[in-house]
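Note that the chains take the letters A, B, C, D, E and F in the order they are written out, and that residue 1 is the start of every chain.
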């Protein structure tokens, strides 16, 4: 169930039975010569919709731009500053807590969001405790990173071994190929891909990773793989969501 | 052309010929008993995609949540504070200016965003002038509100007269019906709809407009009307975009 | 009645009968070769005092500096960033709501303030709803732009036709001549005045509008015109204020 | 010379000979049963105008609202938060430094502003050093508190002894009587006035100082005293300004 | 070498040979009935001093208060909001980059700081790239969490097994006993310690973890263990620091 | 009693008898060729510990970095922006008020902190009044600057006359020599030391005060003097603390 395709009266009814909502968050950033700029948002959104269906839960609008400052040396990348993203998350949670939601399950498609999201959860709990909103002290946030699901990780290892890499990976590219087969890209990929460098600022990142990939070979991706990753992630995260919803 | 379905190398090529980008911005807010919570984002996104195709321009990711604080008395509404939205817009523009973009055309689906967007443009121009980014002083932002296009306004008057109202309007509902025919909602709508009240805070708004509509009769909407609105808005805003792109 | 010329005990008495206050806001910005830098503040202040007398209402201190970032390419202009102005307005409203005021009528002399003021009102309503102040949820703000009063607009058209322009206009210059006849300026004004350009950043603005005027011929202004504008604006805005005060 | 009664071309000419500007800052706060709410702004503005004339210097628009949080328990008081005032001061200084001003002389009428102004100067110097503005590293701010001028202090002691007190003092009340003789207030003043308590929050302040005065007897004030205070302050601060202007 | 026990001329000399600095960061938060409130700062500071000696590197002043909002339900705990900590870290890094430092090695004693520190590093890189500071684009930050060193982890498992827990652990308590043997505390510790619950807001945390411990048995700690942990951590982090310093 | 060497249960017990806490705040900044960068923090911390013992009061963790922007032209100096320091102080006070503390006594070692601390106290009182914390409206902050104690000032005059100066003074250097005799520095000090200049930005400060001293001759300092200063300051501030604690 998509929040965007529902009415406020439907939300009102839903809230009588569940206070949980799924919020997909991605990023808008370079994913190498063949990966889509929207990869992280596309994956998070698709999986979140799947989880929402499987778990009969509302799925909020996708947060398309996250924390990708280190990618902004490549054209087309957009990033919020961490401090902006913290405010954004706090505004989302505050609005929805006023509605009556108390369980926020973020399905995340981008490793670079994790630290800021965790900081945002802490900031939001403290903020809510200062407001006069019923149940504000019962608010709980949880982070579900699809690419860190055990089953996903295992399949990626099986299919790609160490060519999975850590950015512009074949697994995430495969998932976007499954979702948007009309947008499968071809480009020469040097076998000599940079890897293992730490991440600092944007200019430094581009120097170290000249084509944007981090140790990955996305040429291995296929839409069929993408379907497998999708199904595994939906299954794992549906379980996580329901466990979260039912926990005290 | 969707930024999210492109690669950074495609963006790099595009920037050699154009520095323009279209950014759809909507809202996540109640739209009466039959209007979708995502109405404003859905309309902005659909029209932006149409304009992007018509004008061969990149369309960035949709900003799904805008400034809708006055709607947050209704469940399911999410709003950024104006100060958060200003930071968000500044972060978007700063990132994309680093990429080389200088012409930002926002296609907007929500009247409540207009004031904050204008404030954000001013804040961003001043911010950019302090940075060391080439062409930062050439950055220009323009706002295209689809529902204020002359042709759209005229058709709404013809079809609905004063039942168009000013929120949860049949014209915007029609457009969402055209885009998502699977999500057409039915609910009893009182003919006695509130209208003409000023807008203050969220609790006050809900008192004045108990079902969320502002003077509108969305039951008049049809998907066919939606198609007409869509085509008129795409045509008008494509012209606006190209005029903006080519202007000094 | 000027707040600044009153005591706190007088305010305490007033509040038993009225919770309304008028807040003049102007700007400190270039107004062409003959317009005063304080034009917008002078006009707003003079009219606010007139409305305060006519309506027996308190008039707060003039906000002399507003949102004029696009004028800061001309010496003597001062601007707040929109985000600063939002905080300022929120601080004013919060302080006065603690006093017991709930109806805030801003008499505005500068078009560039409008967007940020509207954003500030939204931000303030939400902020107040989080505090423990009696009647905070009854706070209402309204914006009265003197130059947009119907009668003012009509007179300007009659007197100046399309030489009214949109910045450093003869109507606002006339009003300052009426208020400060000792500060009437003379300078050669090219008949070839720029007009019709959009507004972006400060450097761009100065390039497009080299002497600061936007399509106006302020040489047409006279103090007698100013008196007429003053009286029309006071009458119109007094009515608006009283209507606002008495509305639910 | 008032900035508000000048044109940008006059400022441009002035800047060729002087880069100094005087900025009056007051407060909007209770001043006891007979003191005007605008006392601090009225005094700062009047003296600043006098200094501007004496020193042939531009006087900017009065900052009417300062840091008076501890007075907001009394109706009619308005305060900025310190963090807002810091941003406001930074915005003023940044705008005027872009114009070419480098010497900022603040004539202050309120003790409660001092700490925040000093903090704001520090914040502004650091901010300016990050921008690309010519002469930004030559910017200097100085604070002139009229009530702390040696000659003013001496006269207050002579006239009022320990009945001068420290808030709603006869000296400042006298000065407002001189400037606005039409707004001289009468009210019974208990001889048993609170004094010597430290200042904490607003509710605490009102408990300790029930009528708003701090150890003062403003009934001693006369307009003639006010004239003397005015002239002493103008003389002292004119010297201070010129010394500041000519210093390296 | 402690920055605090050095002069600016000594720093100037050092910078000719090294641009690295070690910054200890802890927390001020409850650590169960027997753990010191300063545990995380004490551990980080002691180890940082050891690493500074081993690696001939400057050690900056300890950041004693970090991100511990979830502990603020227990008396004595102090926390920065994540957004405050981000600004603090940015201010530290900006100041020291102006000095000429470019390699920032944070020795951290608190798991709750990790997310915010990572967010702060990203925010700082972007901030620095906007300034005119030489070498700002060469700034690198690295995080060394002493409790996550392989050798430390291994020893804790050997000594305490699953009684190590995850907060108020015997390993960190042991380290504080080694550093401050005069402050070893005794208190009855229930063998029935809560563990395995997720972390949300402060009130929730105290409900789930009534005595503050998370699955740990700090009664197992001894000063001798503390010495071992200290030596292992110093050795591991000295290697990490030198590797970081010498890396490109 | 050091908060850092205590447990939360000890704090809980203490709060039943006292709600006072001492918070030392220093700075990390150049102190001339022979003064330690940590001088202000070292002095504040040592004296605070002494006062804590004398008055049986808790002493919180030292705030090692304060407002020293004007010193950042010298290597090794670290400063918070005033706006950051305000947030930090507010976060400290808010956390500890939740614990039950209401009397905050800041022992300060740096003149440059005073303005920002005062601003922070005002900001914090207002912030607390908006929260739902018991006793928040009873919170009181007081500032104890050790170098401004009457007895300290008198001794410095006796020992050093006008060679005390105003930065890198022999009195503060002496105190650090007493606390850290192992870190007594020797360096040639020109007798021709700058003094009497106002303080503006960092680059300007370094130009005016090339070796960092302001009119001082720290070569006069001895550890024995330091002991005297320490004892005088502890005595004076212990009295101040107890007076503050017992005052209404």
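Throughout what follows, a contact is a pair of C-beta atoms (placed from the backbone, for glycine too) under 8 Å apart; a residue touches a chain by one contact, two chains touch by 3 or more.
Note that the structure is a prediction, hence the values are computed from the model and not measured.
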Determine the shortest chain-contact distance, in steps, between subunit B and subunit C.
1
Identify the chains in contact with subunit A as well as subunit E, in label order.
B, F
In terms of CA centroid distance, which chain is the most far removed from subunit E?
C
Is the contact between subunit E and subunit F built from the same residue numbers on each copy (over half shared) or from different ones (under half shared)?
same
Computed distance of Cα centres, subunit B from subunit A, in Å
24
Using mean CA coordinates as chain centres, what's the gap between subunit D and subunit E in Å?
46
Contacts with two or more other chains occur in subunit A at residues 72, 81, 83, 87, 130, 132, 202
If each chain is a node and each touching pair an edge, is that a line, ring, star, complete or other?
other
On the basis of the stated criterion, which chains touch which? Give every pair.
A-B, A-C, A-E, A-F, B-C, B-D, B-E, C-D, C-F, D-E, D-F, E-F
For subunit B, which residues count as touching subunit E in their complex?
130-132
Subunit E partner, complex, touching residues on subunit F are 2-12, 15, 28, 30-38, 41-42, 60-65, 72-81, 83-84, 87-88, 91-92, 95-96, 98-100, 180, 183, 185, 187, 202, 212
Footprint of subunit B on subunit C - complex, ascending
67, 69-70, 72, 81-83, 86-87, 112, 114-123, 125-126, 128-129, 137-142, 198, 200-204, 247
